[in-house]
Every structure is written in C-alpha cells, then in structure tokens.
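This report refers to the structure that appears directly beneath it.
Chains here go by letter, A, B, C, D, E and F, matching the order in which they are written, and residues are numbered from 1 within each.
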Amino acid sequence: METLFIDKKFAYDGSQLRSLFAYLDHGLLGPSIVAWEGGCNIPFTHMVDGEDLLAKAVIQGDEMVHFIIEVFDRDLFSGVALQRLFASICKDYLQTHTKALNGKSLYRDGDDIYLDDKKLSISIATKSPVSVMIHFAMNITNQGTPVSTLSLQDLKLETKTVAEDVMNLFRSEYTKIIEATQKVRPIP
Amino acid sequence: METLFIDKKFAYDGSQLRSLFAYLDHGLLGPSIVAWEGGCNIPFTHMVDGEDLLAKAVIQGDEMVHFIIEVFDRDLFSGVALQRLFASICKDYLQTHTKALNGKSLYRDGDDIYLDDKKLSISIATKSPVSVMIHFAMNITNQGTPVSTLSLQDLKLETKTVAEDVMNLFRSEYTKIIEATQKVRPIP
Amino acid sequence: METLFIDKKFAYDGSQLRSLFAYLDHGLLGPSIVAWEGGCNIPFTHMVDGEDLLAKAVIQGDEMVHFIIEVFDRDLFSGVALQRLFASICKDYLQTHTKALNGKSLYRDGDDIYLDDKKLSISIATKSPVSVMIHFAMNITNQGTPVSTLSLQDLKLETKTVAEDVMNLFRSEYTKIIEATQKVRPIP
Amino acid sequence: METLFIDKKFAYDGSQLRSLFAYLDHGLLGPSIVAWEGGCNIPFTHMVDGEDLLAKAVIQGDEMVHFIIEVFDRDLFSGVALQRLFASICKDYLQTHTKALNGKSLYRDGDDIYLDDKKLSISIATKSPVSVMIHFAMNITNQGTPVSTLSLQDLKLETKTVAEDVMNLFRSEYTKIIEATQKVRPIP
Amino acid sequence: METLFIDKKFAYDGSQLRSLFAYLDHGLLGPSIVAWEGGCNIPFTHMVDGEDLLAKAVIQGDEMVHFIIEVFDRDLFSGVALQRLFASICKDYLQTHTKALNGKSLYRDGDDIYLDDKKLSISIATKSPVSVMIHFAMNITNQGTPVSTLSLQDLKLETKTVAEDVMNLFRSEYTKIIEATQKVRPIP
Amino acid sequence: METLFIDKKFAYDGSQLRSLFAYLDHGLLGPSIVAWEGGCNIPFTHMVDGEDLLAKAVIQGDEMVHFIIEVFDRDLFSGVALQRLFASICKDYLQTHTKALNGKSLYRDGDDIYLDDKKLSISIATKSPVSVMIHFAMNITNQGTPVSTLSLQDLKLETKTVAEDVMNLFRSEYTKIIEATQKVRPIP
C-alpha cells in the first residue's frame, strides 16, 4: 500500500472520490491512502451517501484533513470494514497522542469519531467498477461546520504529523490483514 | 446476526472451528457469534494458524472466554477485517469498563490485545467452504498460559457480562456494515 | 427483504431501474421489492435489454402493475435466476387465484408469462455496480400494448391484492433461499 | 449443459453428491444434470442438510428417480435458486402431464413439491470447492418412505420420460439464464 | 466463444470498447472475439489506460487489425491474463507463419509484441460492469504510427488470414481453459 | 511473489499440491513459486486431474524439475490462465536459450510443451479452499517416462539456471498483471 501526504491545499468536493484518483492525479500505483488539507463542500451531485441524500444533509467544514483510500478487487463489505478499521485506528491514535482530553475518551460509532456529542469526522465508503474507495476527513478547525464538532486544534495536534502517522498505521494494518489471509489453513 | 452465551463450560480444542458449529450444536441459523467459558488446549492437528504451526506454538490457558464468529458468503479478507474489528471492540470495551488499569492503556496489535507486554487474547480467522470463521478468546485467569498474560480477573470484570456486551456491540457493528453497503451510490 | 406497494400511480419509463431506487425514493433499506400501478413507455435511451435494442422493440402498455426488485452483492446470474423464480411465483399465484381461466393453464417461458399466445408480462434483470435489479410488470388492461396480451382484468383479479400477495410470496422465497445457504454442510 | 439418463439402477446414499460425479462416473464434462432410478438411504455421515442433522431425520424410499445437478464457478445462493427453479419446472411439468390429479393442484414450497400434505420430493443444494451441486429426487412408489408421500405411480407417469423431459426443460432454462446475463446493458 | 471477422473497414476510436459491442453491433451473443481492419485514433476522452493518460500518449496508426474480446462474469485479473495469452498466441502464430524474420525472434513483453525495439501491437484490458474486455491491435502498415513499429506488411502476411487464424486459436484456448476448470478435483 | 529454488532433491508424489505448501514447508509467505529437482510418481489417491483419473494414466519420470505455484484469493479460471502463461513463458525461454533445436520449434498446446510429438512437461491447476495452485514439471531426463518425451538434457540446458530464470520471468509477469488491474479506467 502506497501512502502520500499531498502538500498542496485544496478543497474536497466529492469529485476526488473516483477510481484511480491517487494514480492519475498523484502517480500512486496499487492500493493507496493519500491525505491533504483543505475545505470541504460537497455539492448534491457528488454526494454518494444515500442517508445524506435523503436527509438533504449539508456536509462542509472550513479546514479538514482528508484521506482517500483505494483498494482494488474487493467487495463493498470489505471496503466498509476497512473504513471502520481506519476510524478505529484514528481514534486510538488521537486518544493516546493528545493530552487535551483531560481523561475523557473519544469513541467510535460506526465510521464516526466523537467526543461526547461533538463530531470529529465524516466518512463514506463506496464502490467503483474496479475498486472500493473511502473518504474520511477530520476537522482541523471547528469553523464552517453545520453541527457541533471537535477538531484537531481542540486536541492540540499538528495535522500533517497525525495524517502521516495514521496512514502508516493503516498501511501496516492492511499489510497484516493480507498476510493473515495467506498463512491460515482452511477448515471443513 | 444471532448471539448466544452458552452457559455450559467446556474446553476449546480447535474442533469447534468448523462450519455450522453454532447451527448444528446450538441451533443458531445465519451469521452468528457465540461465547462460552472453558480451558484452551489446541492439539497440532486442529491448529490452523500457519505461523503457530511453523513456530510449534503451544496455545493454552486454564480458563478463557471463547468466541466463535461465523459469517457466510464472504471472502477471507472480510473475515480477517471483521476479526480486527472485533478485537478493537473488545479492547475499547475493556478500556472503558474497568478501573483496574490505573490510567494505563490497552492496545490492539492486529488481532491481539495487550497491556504493555502482557497478552490478553488469542485469535485466528479462517475459511470454510461455506463461510469465514473467527475464534477469539480472552484469558479469564493467568493460570496455565505459556506466556506473560493479562486476564479479565486482573481487570476485575465479570466474564459473562463482558461476553454478552461485546457480542451485542459486534452484532450492532455487523448490522451497520451491511446497511452501509446498501445505501451508497456507486462511483465511476 | 422489505416490501412496499406504492399507492401513487406513475408511469414506468426505465429510469426507475437504477440502484437504490427503493431506498432513495421510498426509504426502503436493504434487499427490497416495490410495486405500483401506471403506464409503461420506455424510451430507447433507457432500454437495457439488448434483444429489445436489436429488435428496436416498442415496450408499452396503458396500465400495468410494476415491480422493482433490488438485491445487493449478488452476481447477474443470481439476479436472472431470481427473476425466473418471481415469474414462476406470479404464474402459480394467478393460476390458483382466478376462476377466469376455464381450465386453461398459464405457462412461464423464461421470464415471461403466457396464456396460449397472449403475453401477460414483461421483464428484465440487470446489474448496477452495487446490486442486481429486476423490473417485472403485468398488464392490468390490454389497452396500448403492441402485441396480443393478457391482463389482470381478463383474470378478474384486483391489482393491489395480487401485487401485495406476490411480493409477500417472493419475500418468503428469498428468505428461505438465504437460510438454505446457511445450514448446509459443504461437500468434497 | 450436458444431460444423461443412466439406465442402470442403483441406490442414492449421499456419496454421489460430490464434485465431478457426472464427469468421473459418467464422462459428462461441464455443467450437467444426470438422472437414474433407485432406492434412497442416506446414512448420517453423508447427510449434508443441517436441518435433517438437527432433526435426526430419516431420509429414505424404496424407489425414486434421482437427479444430480452440477454447475461450476457459482456461489451457493445461485445453486439454491437453481434448485428452486428445478423444483418449479418439475411441478409445472407434472401438473400439465398427468390426468390423475382430478383438478387438484400440486404446489411447490421452497425445494419441495406437495399434493395437499403428501410430499413428492426431497432435495438439497450444497457447495463443493469447485461447484454447486443439487440432489433432487421424486418418489416412484410410496413404499419405504417415512412420511405421507405422493409418487409418480400415483400420477400414472412413466419415470424415464418424466426424467428426460424435465432434464431437457432444465437445460433450456439454464442456457437461457446464461444468455440473459450476456445481452443486458448495465445500469448506474 | 463466437468469432467474427467484420469485412467492413472502420477506424478504432475507443468507443468500441464498451460492453455488448459484439452483440449490439454484430449480433454475437456470449463470450466473443471480433476483428476488423481500420485506422486507429483514440481521443483522450476514450483512453482508459492510466499509463497512457499520465504520459499524454498519442495512440494511432493508419491501418491496423483490431480485435475486441469480451468475456462475461470474470474479474479484471482474468481479463488481463487472457490478454497476455492472446498476445502470446499472436506472437507464436506470427513467428511460425512468416519467413520474413530471417531467424530473428519476436518477443512478448506483457501485452506487447516486439521485434528488437519495433513495436507490433497495442493493447488494453479493462472492465465493464458486466464483463471484461480487451482491445488488441497489430499494425498492418507502419504509416502514421508515433513510434518505431513493425507491421504485418513487414512480415509479408495477409491480414484477414492472420486475424481468422488467431481468433480460432484463441477460441480453442478459451474453451480448453473453461474445460480445465471443470474436470479437476479440489485439494485441501 | 516470492520465488525459491529448493536445493534438496525429493520426488513429487502429489502430496505437495496442497495449500500453504511453500509457506509451511519453506517459509514463503504470500503468492509464490518454488522449484526443485526429483522423480515423479503420483499415486491414484493424489491424482487430481479428472482426465488422468478417467484414463487411469501413469504419470511418472525419473528426474524432473518441479514447480509449485500458489496464488491466493483467485478463482480457478485465473489459475488455469496463469498455468497457460507459465507454460508459454517456459516454452519461449527454452526456445531462445538452447541451440540444440536445430531450427525446430517447441510449441505449447494448452498446458503442455512439445517438440513434434515429444512431450516435455506435465501440469495441473486446481483449487484449494484458500488459493489456486499449479504443478508444472519438465523432464530433466527421458528415463522412466511412460510416453515419448523431450528433456532438458536433450536441450543441453542446466536445470537450476532454467528454473530460476523462468521463476523470475513468471514473477515479473504476475506483478505486471496485478499492476495492469490497478491502472485502467472502467468502461460502461
């Protein structure tokens, strides 16, 4: 799995969630996770979460750290399971790397990370004809978000370090999952 | 997903990791997670983890809480991802439900849960011709284990409550994963 | 499997055969079958049956009862097999619930239901990136159809009752098929 | 799909439900349906239906016509759907080819065919590592059956003719299903 | 597998690489390979090879023999493997059917055929929602190609004969591959 | 893909064609190709090629170079296609690396390599519950073979060099196939 932190800032508008984004825009071949900082504003035409579409949700933030994961040749169930694992990795990382929580605990509910009722992240996992893809983003600031949010600034953490660390943790998790499928005997 | 805590104690010897165990032995139809208490002693012929086979590992404990998960019609990659999610759910649950950690943090490494270098759990995910199956077990005591271990007794937690709670959490996670695959628009 | 009879009348024009139609337009999550009454007129751009496209077929009727079935995470072969089973269920239901046939027998040929050379139904099964989908429709009247047809009026049957009954029968069939995949031992 | 009526009589004991039975024992390559006449007695060790295993069912009959269907490279869901279609084809064929029913109707419930509470058939669909396989059998006589049964003798039908006809109908159904997956445009 | 040499000349512009091309434009149902002669000019919007897109490649030739292969219900890995086999079949055929090589050897590198550094062919394998498809083309002349090329004229071979022969060889290869999946016993 | 030439000589008796052979016996994790020298004698109970079973074939040779390929998470169709590609790679390699053919050409027919009617190789591709596996072997001598054979001695080639070279070529081919599935845009 290739990883890349893209140093240029740009907004996520949903158009990045298309197959081969990391390859065609950033030259990463194969399974990949990329990250960058930027605003978030997803027009209705690019929204893929049916729940958001039904709720006519507004999904936006002034500054977030975005992750796009692409894994080839897997079904959507696997993609959603990986999304939950990535959320879990982020939560555990943040919990152990900040002192700003004052003994409180972040928790994961499905693909979301919360502190009390403050939402840190947004995410969706979906399927292209050749891959499963995940968008996951965490607030860097609480500006411009339509709901009560938590941000990396609240946690006093530096975005790029967080992004690179969780990408490395996810790459390691992904590699070990693949290996675990290649060293087990089948059962009757 | 059906869940069941089996009140009868019996040892896990690897023979329980076969397709339809929950259905044929306990009447649970469809995807399921069952749990029970008992010793652990896996003879070489029932060992399916290639790494253990290569290492000629001894896998045993005097008293553990065992979980068997079975999910039909999925590939092994999905099975291993679910295994990691279950480990993550257990770790999070234990961390927030015990006061015996004194500010220390449990952590998950792949499918294992640790406190410092003390290992709480063992696990394997594998494939039958009709399903993927997971065995996951946590020490109830530290007696009879071949390595330095952590146990639910150390955490001062009651086994059956833990087992039923994490099974409910996993059922909820599984249901939401399935739903997440049924309400998302595909991408190009 | 969710079922719904939509009480509003509207024409089927092929645009309803898209993934998540039942979820996004009618709030049904997961595998589903929905039905409604309305005309049928499928412009060439929405036609998906290659045979119709080659034949430059005209597919229309003034009043039909339409069914849209969506099942996630299955291949097209399964979708076509389910389509045949649904046609079979409809045929059997109509045969045993009408007295208007005077001893004659309806028969199924692939996905079509006939009485002699009179065609009762049209159908197509196809694949979205996330699901397989089936459109199946039976004439309520014989008005506006381009070929010799049979209709529910000829059979003196009330449309909504028929629709709800066959949807319930299909839900039951689908549930039992799933269960049958979860209680059988594999063979060598 | 190859079809064969095996003229030699022999009992079905469950051992025939293994991959490549038609190829290794009768030289039929590829998807196939074979039929023969003989008794039925399935020892517990060859029983694959979990429901029968739980019920400690006795499955036997003195003379039945047996069918073994094998289709490669499909999942069990497809296999069970094909099993239901085969039961449906048999029921429709019998209904229209006998005069012995006196206006009564056979009906299909899942994979079984009944007249009132008399059971005509037994069936199971399962999975080998390389194929899905179906055993389906109808009573030729009512001798030796543990429950109230219907038989081809009751229907005054000649076994071999029935067997060859339903095999031809199934081959045609199977071919048309495959073709239907190869001439449809995908949808969004 | 159906094969067809289309006698009408027309240019390949990438639009032919869409599902059901052989069925909807030429009436071939099921897995197929078709061939025709014509120029090659692929606008950027029809280009599917990410490597070409990244390189802003110019893909053209004045006269080529084009092949479109479509196989249903397979993954892209299988499609790419078939593409390599087709390239291999073409290379072997040309090597043994021309005397113009003067003892030199053609070689295959992935999906390309070369003589020294002269490129004979272009190819891509991709995935539609219902099938995998391959475009493979060999130069008939060296006119209009942007790189150093080899052509069938250099090899003094008649295009239509070559095309029909390699299509027959590929059909035979495909048939034997399918058969090989239907006559082997599974292993533990 | 891992590759290994095993320096110890041992006979192939069919028992090596089981999942995880390279991992459990030689420590290679993941997709792999291993080779070794030794006799060949496959008892009936280990024979998996149905054609050989029907023909009651004798498969043996005094000294062959054996290859075992294992690829995880692929269907048998892919496995057979890879087998054909490996045969093709071996044939091309031998043709260009020997001077002993005196202008004659080796040819591949399915999974076999021939010179005129002399057979150089034997092969089978099959499926374990977790992988597809290929056995491919070429004669080192013509001693002990039941049919007219060709051997590496006839070609005056050194076995270990051949084995390592074709394993490297296959690894490269496999890697490029995987990459080709990860850089192509899907089509409609």
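One rule holds in what follows: a residue touches a chain if its C-beta (ideal position, glycine included) is under 8 Å from a C-beta of that chain, and two chains touch if they have at least 3 such contacts.
Keep in mind it's a predicted model, so treat the numbers as computed, not measured.
Looking at chain D and chain F, the chains in contact with each of them are B, E.
The chains that touch chain C as well as chain D are B, E. Overlaying chain A on chain D by C-alpha atoms takes a rotation of 180 degrees, rounded in steps of 5. Here B-F and D-E are compared, and the pair linked by more C-beta contacts is D-E. Judged by shared residue numbers over all numbers used at their interface, chain A and chain F contact each other through mostly the same positions, with over half in common.
We define each chain's centre as the mean of its Cα atoms; on that basis chain A and chain C are separated by 40 Å.
Chain centres here are Cα means. That of chain A falls 26 Å from that of chain B.
Between the Cα centres of chain B and chain C there is a gap of 43 Å. In chain C, the positions touching at least two other chains are 19-20, 23, 50, 53, 73, 75-77, 127-130, 178, 181, 183-186, 188. Contacts between chains form some other arrangement here, matching none of path, ring, star or all-to-all.
Contacting chain pairs in the structure are A-B, A-C, A-E, A-F, B-C, B-D, B-F, C-D, C-E, D-E, D-F, E-F. Touching chain D in their complex are the following residues of chain B: 20, 23-24, 27, 73, 129-130, 186. Residues 17-19, 47-51, 53, 74-78, 80-85, 88, 92, 95-96, 105, 107-108, 110-111, 124-129, 133, 173, 176-178, 180-181, 183-188 of chain E are the ones touching chain F in the complex.
By the touch criterion given at the top, residues 50, 53-54, 75-77, 127-129, 188 of chain F touch chain D in their complex. By the touch criterion stated above, chain A contacts chain F in their complex at residues 19-20, 23, 29-31, 72-73, 128-130, 178-179, 181-186.
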